[in-house]
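Take a look at the structures listed below.
Both complexes shown next keep chain A, but they swap its partner, so chain B is in the first and chain C is in the second.
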Partner chain A sequence: MSTQHTQSSNAQHGPFIRFLATLDRRWIFLAMMLAVGTPILLQLRPAETAGPLSTATFDVIEALPAGSRVLFAFDYDPASEGELQPMANAFVHHCASKGHKLAFLALWPLGAQKANETAETILKPFHPEYQAGVDYCMLGYKAGNEGVIKVIVTDLLQVYQADVNGTPLSEIPMLKGVTNIQAFDLIINISAGYPGSKEWAQYGTSAYPDAFILLVGTTGVQSNQLYPYYPAQMKGMLVAIKGAAEYEVLVNGKYGETAAILAAQAAMSATSGGAMKETGVPAVLQEGQRRMGPQLVAHLLMVTLIVLGNIVYFATRTKGAAR
Partner chain B sequence: MSALKFQHQAQRTRNAEEERARRGSPVDSQAESRVESRVESHVESHAESRIGSPAGSRGASRGQMRLSTRHTRMRRARTTVWLILFLAGGIGLAYNALVRPNGMAQVYVERGEKVYVEAVVAPPLGAPSGEKAATKWLPSDDAALIDGRAVANSAQPSIKFTETRGIAPRIARERRTAGDTNVTLSIVDTLGVWIAAFFTLAIFSFLWRDNPVYKFAESVLVGVSAAYWMTLGYWSTLVPNLFAKLAPEAIKSWSMPAMIIDPSEQTTQFILALVPLILGFMLLMRLSPKGGWISVWPLAFIIGTTAGLKFVAFIEGDLMAQASNTIAPLVALKEGQLQVGDSIGNVVLLFGVLSVLTYFFFSIEHKGRLGTMVGKVSRVGIWYLMITFGAAFGLTVMGRITLLSQRLEFLFGDWLWIIDPANIR
Partner chain C sequence: MLKRTVPLFITGIAGAILIVAYFSPATTNWGEVVTDWMNTLAAVAFILGGGNLLFVNLEKISSKRPGWAYALVTLLAFVLTLAFGVLKIGAVPNAQFPATPWAGDYESVRAPFGWVYEYVLSPLTATMFAMLAFYVASAAFRAFRAKNIEAILLLGTAFVILLGRTAAAAILTGWIPVDGPFAFLRLDTLAVNIMQYVSTAGTRAIMMGIALGIAATSLRLILGIDRSYLVSD
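So, the complex of A and B:
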């Protein structure tokens, strides 16, 4: 469109269309910042209801007998923790509440650190009975992407001879007799991209469909590509922050105020001379639900902007010589 | 060239830049700001030079001056508004840091002495009869030492070190008030929060326009990432997968104490490790002006193995499995009862797959009776694709908003201390 056309076209329209057509995009950035920031400051939190995907995920873990072996693959890093850490927290809390044995590994370098952080944040305060080596172990990060999956699905010891502390796998009580990951009842993959959920489905459940169950938690960006794997190759899937919030509702509804959590809160309160007033479901187990407030307002703004953008487009297309 | 002509040309350039930006060009905003500044400076300088211009173009000069004045006024107004916003933010920050009783962005740690002793640990109950006691370093307060499953070796001196762990600011303040000297403000960790906040704001500043602060943050990010990946590649790939195979004893004593060495496999491992070593050197020949062709061979090896690895996985995990998943009954029954939702879903799935496949079937021209029908079905396929792209866009937006909300939570919570969901401050 030439400048003359723009000027003549804008001149034909009312002030509202002219205002929208010439609006500096930085005002939109500012509006988005306010739309996201204000609900955080006001702690706005819409009610959540679990959808079928989250319910299916919850049911799979619920159906496993206590003491089942669960392998966590933390395939993400801090860049995606906004979406994925709430899922990781809820997954670990759910499995620990059911008394499962947890092993953590990572195909992303910083995934191992996220696994450690999750153990520190969830297992230590709310499941103090969990002992390293007996109830959970950290296998750490290994380079090799999907090559690692392809090997450990038949031979775990070829890649992981020891855990992150250097303890040989044969000396870790919860891994006695484990030679490959087919010995695990469930694999939970929390993924931000490659390598991640797709590779676990391709080299894990597709190659060995009856060996174990795969559950995944994914970022919104890649979840579109993963829907086809549900429910045959993935028995459950948490999609983005919405999936995390729904899953939190289910987990907290059953395990949000367990005796261990109440004891942890009482202990914290006693340590601080009664200053720690946190009661009920811990805040760390509600991160996903808290982040749905900004989602709500930001989406409303987004829809409004799309409608306004279309109004400007159609108004200028009809009246102007823009075409 | 008159200022107006220049503006027209700049507008065309800007339109082209915007068009490129819509197509995903990485240099959009820089180019735009460059064009904007060129327009502004040219209009201003041109207007200034026109003030004393000959009488022949006095009318045009007045027009240019009006345009220039209006442009300058608008720019000033815009700058003023943003300046006010930045000032308000700065004043709020200063108030938050200096006036509020508990301040902001402080990280406290608790220091404690950790003692490790060498101990002989008995095999666990139920262990195989041949299993022997192991010698390990255990914390002095380890349960095994207390209940007698492990016995400390008194001949070996213990190892002591200071351990720090994070502590909630509220608890830290109370304990410090009560005179607990083990709880201290961690300068390094506190500085870390401030640096993280600075870089977050520096990256956000790109929304205003390209600027030196953003460039600095971007350069630091790129530099740190490159260094991080290089270090990671060395320690997680070269050391365990290559050096540990070539010189196992040396690597075990140097950096991998937990490595298990199998003497019977040592020679085989050494010979096998020579293959990637040689291929690695061949790959580096790409840097050589005359030996670049040598790097083609390891590249061929990499591409061949990757293709082989992926081929089987995609056949199994995508082609076969997805085809199998698509073959679903159009009339879904469960215990003899018709499942309406599932049936509709399966019909939509089947028709979607077929129509999208038809869209990508280019062998029939959309003319004639058959061609027209194929064209109509492929149009439905386009709708399926558009809905898929829309869903992908929506999910991407949701993800990006979450990332923004997490950064704002960091700024409001960890840095400014104006929200406290966990009640720890």
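So, the complex of A and C:
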């Protein structure tokens, strides 16, 4: 009955409106696939300029003296990797380029794996001087959500007695004398939801405002909930791929072609017999910028679809009202 | 009697300690102890969750309810991954301690646990998340209508954010001077201002409302007025 009514109603309109009104959603799926796939194949990469949030984030890490202790909280999993991994890579590369000591923990079960992967992808090839225990350490995952933050902010050893390899914290050189996370100069949280940036702000910097600085990298969908904490509780924030791309521009502008990176590329080329020859800033450090091409076309498609949907709405509504 | 009184007593005491610990430095340690209980309970909850998963899916398979084959897949994935991780099956021998059992790297992609993570879990979860783009596009075409003033405001905001968060902003409004009087009309600036001021003002109001609600609910729980969390029998 209702289908018959819709068909008779559509029959009054022109072919374009009829086409849109009866458009199968699989065509929209195909359009979205092309909107994302084509820029990837054509390597479309629009130019990025850093905005105020990315610049504030970059400046915080730049201002820290070399050798500062930085605690990374990897609170995301593979589902959000597409949006968050580029900023995780850029954060680690930036901190390592400044010579900071890095400790990694996770409040998400799979966050510990993401931390391991990031160390393998960034630290090992581009910062080979970084030694486990001396320059970085993996504390791993702990259950308890914000409860973990509440405890480690005053007593780290109550939750983390050893790192992921079972080495007692007291025997890890970079953690000598560290009894709680207030001994860290900076906390960088990369978050896809709960527990994440909001909890680090509420139970970390809100409770102990002068103890350490908090920087966050977040998915676009939860950024609205985090803006109220900037700039008081969070001194910097990277929002989604756009934030990562802007931050990459700043980091790569200063640390994109260091001697260590050039050496790593030469070694990579030598071991592959010249098959994997890469010059300039490594591709893994430009992932955020690379993903802005598909995002641009996908967003344009979304705007077009909304406009077309409203054309159908107004055309059918006007005709319906006139009838 | 005990089934209701003991949980009520624990909740009241734990809640009261956490409140007092926040305001009084002398009782900070008490708060840490209670929070540590919570962390221990959270870890135990994983065991309860695993047991519940087993029970629910085994029941579904044994009674051959619709979709029981999915339950079987879930169960197999759960049991195998658990075995690979807990028993370190097929772990890559540790070069430093080759003769020591349990010393191997089970997270390497050459070990079954790492392989499942890298080649099953990661692609599956990433695919599920990526599929959102298709459904959002379809929903935008069919449901995002300028039906009234509120919807028009929402549409306008969506356009600014969608365009302002990409290079389209520079293409469309990049010609407006950054330091000129009309700089606020640049799409990238508009997007930042909407998110940083307009959206934040609304979010703050909602957060304050939620915080008051949480405070009221917490007090009801601590004082034993709200007992809905207790299991009824």
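Note that in this section the second predicted complex is superposed on the first by the 313 of 323 C-alpha atoms of A that agree within 3 Å, B and C clash if a C-alpha of one lies under 4 Å from a C-alpha of the other, contacts with A are read in each partner's own complex, and residues count from 1 in each chain.
Following the convention adopted for this analysis, a contact is a pair of C-beta atoms (placed from the backbone, for glycine too) under 8 Å apart; a residue touches a chain by one contact, two chains touch by 3 or more.
It should be emphasised that the depicted structure is a prediction, and the values quoted were computed from it without experimental measurement.
Undergrad: Taking chain A as the common reference for superposition, should the pair chain B and chain C be classed as clashing or as fitting?
TA: By the criteria stated at the top, chain C and chain B clash after superposition.
Undergrad: Have a look at where A:Y76 lands relative to chain B and chain C in the superposition and call it first, second, both or neither.
TA: Neither partner.
Undergrad: Answer with first, second, both or neither: which of chain B and chain C does A:Q233 touch in the superposed model?
TA: Only chain B is touched by A:Q233; chain C is not.
Undergrad: Quick one: classify A:Q295 as touching chain B (first), chain C (second), both or neither.
TA: A:Q295: touches chain B and chain C.
Undergrad: Could you say whether A:V148 touches chain B, chain C, both of them, or neither, answering first, second, both or neither?
TA: second
Undergrad: Which holds for A:T167: it touches chain B only (first), chain C only (second), both, or neither?
TA: A:T167 contacts chain B only, not chain C.
Undergrad: Tell me the contact category for A:S206 with respect to chain B and chain C: first, second, both or neither.
TA: first
Undergrad: Of the partners chain B and chain C, which touch A:F104 in the superposed model: first, second, both, neither?
TA: After superposing on A, A:F104 lies clear of both chain B and chain C.
Undergrad: Report for A:Y247: first if it touches chain B alone, second if chain C alone, otherwise both or neither.
TA: neither
Undergrad: Touch test for A:Q113: chain B only (first), chain C only (second), both, or neither?
TA: Second partner only.
Undergrad: Looking at chain A, which of its residues have contacts with both chain B and chain C?
TA: Residues 29, 32-33, 36, 79-82, 142-143, 147, 150, 207, 220, 223-224, 228, 239-240, 242, 295, 298-299, 302 of chain A touch both chain B and chain C.
Undergrad: With touch defined as at the start, can you tell me which chain A residues reach chain B in the complex?
TA: Interface residues on chain A, with respect to chain B: 1-4, 6, 24, 26, 29-30, 32-33, 36-37, 40-41, 43, 79-83, 109, 141-143, 146-147, 150, 161-162, 166-168, 171, 173, 199, 201-203, 206-207, 219-221, 223-224, 228-229, 232-233, 239-242, 268, 271-273, 275-278, 282-284, 286, 290-291, 294-295, 298-299, 302.
Undergrad: List the residues on chain C that touch chain A in their complex, please.
TA: 22, 28, 31-32, 35-36, 38-39, 42-43, 45-46, 107, 117, 121-123, 125-126, 128-130, 133-134, 136-138, 140-147, 155, 158-159, 162-163, 165-168, 170, 188, 192, 195-196, 199-200, 203-204, 207
Undergrad: Write out the stretch or stretches of chain A touching chain C in their complex.
TA: The touching residues are 23, 25, 28-29, 31-33, 36, 46-49, 51-53, 77-82, 110, 113, 116, 142-145, 147-148, 150-151, 154-155, 158-159, 207, 220, 223-225, 227-228, 230, 239-240, 242, 292, 295-296, 298-303, 305-306, 308-310, 313-314.
Undergrad: Tell me, which parts of chain B touch chain A in their complex?
TA: Of all residues in chain B, those touching chain A are 7-8, 11-12, 15, 78, 82, 85, 124, 134, 168, 170-171, 174, 207-208, 232-233, 236-237, 241, 257-260, 309, 313-314, 316-318, 321-322, 324-325, 388, 391-392, 395-399, 401-409, 412, 418-419, 421-424.
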